[in-house]
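Heads up, the next two complexes both have chain A, just with different partners, chain B and then chain C.
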Partner chain A sequence: MNYLIPLMVVIPILAALIVNIFGGKDKTVKAISIVVAIAIPVIAIIAAVGIQYFGGHDPALLASSLPSNLMGTLVASYNTGIVYVFENIERIFIFLMGIVAFLAVLTYFAEKKEVSGPYLYLIFMGIASVTALMLSNDIFNMYVFFEITALTQVGIIIASSTEDNYEIALKYLILGAIGGPILLLGIGFILGTIGSVNINDIVFAISNNYVNPYAPSLVIGFALILFGWLYSAGLPPFHTIKSAVYSKARPNGSAILQGFSVLCMLAFGIAMYKIFAYVPYFNTAIIVFAILAMALSIAMSAMEVDFRRMIAFLAVGELGFIALGFGIGTQYSIAAALFQAANEIVITALLFIGFGTVYYLTKTSDTRKLGGLIAVDSKMAIMVLLGGFALAGVPPFNGFQSKLMLVQAALDAGYTELAILAIIVSVVIFFTFVKAFHTVYLQPKPKDLKFAHEKIPKATVFSVAVLLIICLALGIFPNIVTDVFIPFAGGLI
Partner chain B sequence: MMDIQLASLFASGAFIIIGLFAAIFIDNLIKKIIGIAFIEEGVNLFLICLGFKAGGVVPIFLPGMTADWFAANAAYPLPQALVLTSIVIGASTLAVMLALAMVLYRKHGTLSVSEMMGDEK
Partner chain C sequence: MALYQKFLDSIKGLKSSLSKDPTTMDNVSGAIAAEFLIFVSLILAALVLRHVSVVASIVVVLLVAVLFFTNMPLAGKIKSEQSDSLEKMTFYVVIVLGILVAVIYWGLRYV
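Here is the complex of A and B:
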């Protein structure tokens, strides 16, 4: 069923267009959105592993009909069209993103009486873009979908109608408008050196010495693509704007935006690893940015009094753990990074939606004005607390398993100091989260605290419960995903 | 005479540097956006230069051409295809930025980015 591979991108795009057209008809929009949001993870599960060659032919067929002066040359093996590769790793991430999208859409419908066609359009376009990013084996195609993702992220912030959302959207867009062309310039350097933008072709040309692997143009290309990667992932120096972006979106939007960032980071991270892992200081550069992301974001989260900003910083700090796994560069550490990425999508979605209920109830995110919310809905409070435990790496949740793998990988690779840092950061995350939880839920309710809503919608409780079950399931049975990640990481190095 | 490809590469570098300077250091939002457009066009020019072939022909396979001759003489078409896509993306980004500039100008009554962001808490 290989035709399902392009459908993973086509269906959300079609859904985006249709919900925008039927923007005024709530029932139709809701029905279409729910069906498509269910279809996305289902397709990811049932689709067979395979390769989709756009253009209708694979390189071997093309090579037999090439002009004689190109026969037997490097060009003869090149892919002439865009190639999508769908393996089990893509299946896991697209499935998780699909689940988060479904739950976010469900939460959005429960919390908003009148649904917005453009908002749903942006969500589905974003999902299509990150799915294409994960599937694509072509760095220019990845750049295109990276730009579309960035635009949809800006659109989601604008459509969220929160305070100062336009300013943050503009800031993010300006940085994106610098980061995007710089990434494209890096791709241009590779294209100019090798003549192809297909990742397999590039790797083939470099590994078989058709080009000098240490050619300055390739090293410059790496530096420029690394810059674009930092922007897409929200690693320093972009951690502040990324966290601002999350905090300005609606909670369900933040959950999706964080998923987009993780998939962008993964897609480009894997591509960079395939192409540039041989470059001197490749691992060192990534480790430096990982340490900065963990240290800066966690320190900033500890100082925040706005709980949405706090979770946003924690989410960005967690991205540092993913980068750390890539930076250490062993099979086990890369598998740990992939596991951490999968966990990050689920845990931060849980926290954004779960903690978002506080904003839904009180219309404030200032922890100094909050308190006593455990009396409103103790079940939600407990689920949020457990989500925080998962984030900090407390057993038996998934965060514990991935962080344990990461620490073990760091120790195995001889990076004892990185293992200690990872443990310290996890401890700080734990205390930061518990402090915020205590302030919001456990301390006495301030007298002037008013409620905009009396109850949390059942759909929101359901969404958080599902995400918590996934966290628990991945924590107890990590081999569901690690059996896929470890061999994939082995192939990568 | 300077090689046309080299001259174009220098021009693209100049576009990018001027654009970066404007985008980072100039406070006026419209000038910042113009700077960003400079960066995008500089990168597009860079990509176009990659496909240049001195004395080459347009990469359209016409009747009468042999495949061998075409492969030896045509300019590389891939960068041109990439630039077309890049222009579309650049135009979309520019449109959104200008729309945001209009909204923010109405809200703050200024185009100074530092004043706009100074208002933001």
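Here is the complex of A and C:
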């Protein structure tokens, strides 16, 4: 039994409860938070690959003790409990999410003297939920943890105390009241048809023709789960509310929120791919939403004058690249999508925290009121610029490697149009980012620009530097992760 | 003096009317980039249809081109449709849900 697997979920939940209890005692809360934030990526690294059967429900052992009339039936192979699967792909994503969470918490402590117990509670509870989402092999269990993640996202916006945060949180809740139940309804259709919510059981039942793969209940289940996936990821038509959510949280909170969205997208995307890849035009449906996400979000970001909203739209647009990789549906494209997802967690966190320093200094995110900030901290400005290059896909950063993989995969699969589109979208991302950078850092400082803080905290500079180093490392040595992603993608198709 | 005052007032009026207008070179360049991106995306998305049917792809490309040129600029219209208005967001969410269920449920019967 590998107890480190469930501990990846248990430890952040315990930390969430403890920091909330010790809410008023800043030093204790900070100490616990830092220790736990370090522990999460460390456990992800040291834990051995394995499977955790909750309640000891190992199907191989149970099968031998079944009554004779059940032996050899479909039910005999079913998993009767929740199963967590921890492989190297989960290791990479939980590690990256843990690193981002640690740096975001560190930045939060540096920028805010009085720490909020509920805010940290929400962050740790969210981390526990997305970790469970990545580990779980049970779509109902995934739904439960996804709903907890969605609620923590709402809570993080409310606890952020920014302008209009309550309004956006309420709107996200209302739209979630459509997306969440629809996802659950889809899972209900699957359960009703197959009798199990374990992904392996569902795949086994469908691939061995125990059920009609085109049964109306399965087809409608696919449609509803696809819609739920759009909601969980923030793909159109949920891209507007998702970008609003990112832009209304504190910059360190936004860094975590976008990581949550990427992991939710991956977990449900992989599950959907395992179960429904046989459905005709499955890939086409995903490509449609990928194109919509890229075109609409990046077009919106190009027209945006609020830099936090601009980065938020860029983050949602980048999700389109991940979806595109899944939509093309080859081993190489899915590996590129996974690589792009890993990169997005890091790059977007860098930009949220890095550009967040502008908001920290001036308390405004309106680019029309900003300028000349390179004089305040040129090192930070350069790191943000390099982060923008990574996002746009400029070598030698990680964004370049994943986008190159994606373009090559599109060309290999015969989707020349999608390869061209990916390149054009990257060019517009570059243009949008450079435009915002020029406005905020390089144009003359407006006379009426006032500063709320004089200096950027060292911890924030450290966080951005670490994220930039990861971007560079993954750009120069992409095989650190692609050696894991390519075989995984091969097993998926 | 009266003439000078009139001139000064007209300049002040012009300045205040300009300051109300948020349009800058950045906005214009952003809007043009968005316009091109939307157009190119629509055409390329229509071209992807060739994997399903070449004839359908040609028809849709021509339709998209005609619709685009008769309705441009689209970027502003798309921006106003993607505001934070709950009504608009809910409208599009429900529309997409309806289309998805209809296309997948009934569409797969004819595959």
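Descriptive notes on the structure:
Keep in mind that, in the parts below, the second predicted complex is superposed on the first by the 492 of 493 C-alpha atoms of A that agree within 3 Å, B and C clash if a C-alpha of one lies under 4 Å from a C-alpha of the other, contacts with A are read in each partner's own complex, and residues count from 1 in each chain.
Simple rule for what comes next: contacts are C-beta pairs under 8 Å (C-beta built on N, C-alpha and C of every residue); 3 or more make two chains touch, one makes a residue touch a chain.
Quantities reported herein were computed from a predicted structural model and do not represent experimental measurements.
Of the two partner chains, chain B is the only one touched by A:L173; chain C is not. In the superposed pair of complexes, A:V305 makes contact with chain C only, with no contact to chain B.
In the superposition on chain A, contact of A:V197 is made with chain B only, not with chain C. Residue contacts after overlaying the shared chain place A:V144 against chain B, while chain C stays out of touching range. Using the contact criterion defined above for the overlaid structures, shared-chain residue A:L184 touches chain B, although it does not reach chain C. In the superposed model, A:V154 makes contact with chain B only, not with chain C. After superposition on the shared chain, chain A has more residues touched by C, the comparison being chain B against chain C.
In the superposed model, A:L4 lies in contact with neither chain B nor chain C. On chain A, the patch touched by chain B and the patch touched by chain C overlap at residues 168, 171, 174, 178, 182. On the chain B side of its complex with chain A, the touching residues are 16, 20, 23-24, 29, 32, 36, 39-40, 42-43, 46-47, 50, 66-68, 70-72, 76, 78-79, 82, 85-86, 89-90, 92-93, 96-97, 100-101, 103-104, 107, 116-117, 119-121. Residues of chain A that touch chain C in their complex: 168, 171, 174-175, 178-179, 182, 214, 216, 219-220, 222-224, 226-227, 230, 236-241, 244, 279-281, 284-285, 287-288, 291, 294-296, 298-300, 302-305, 367-368, 414-415, 417-418, 420-421, 424-425, 428, 431-432, 435, 439. Those residues of chain A lying in contact with chain B across their complex are 66-70, 140, 144, 147-148, 151, 154-155, 158, 163-164, 166-171, 173-174, 176-178, 180-182, 184-185, 188, 191-192, 195-197.
Residue ranges of chain C in contact with chain A, taken from their complex: 22, 24, 26-27, 29-31, 33-34, 37-38, 40-42, 44-45, 47-48, 51-52, 75, 78-79, 82-84, 86, 89-90, 92-97, 100-101, 104-105, 107-108, 111.
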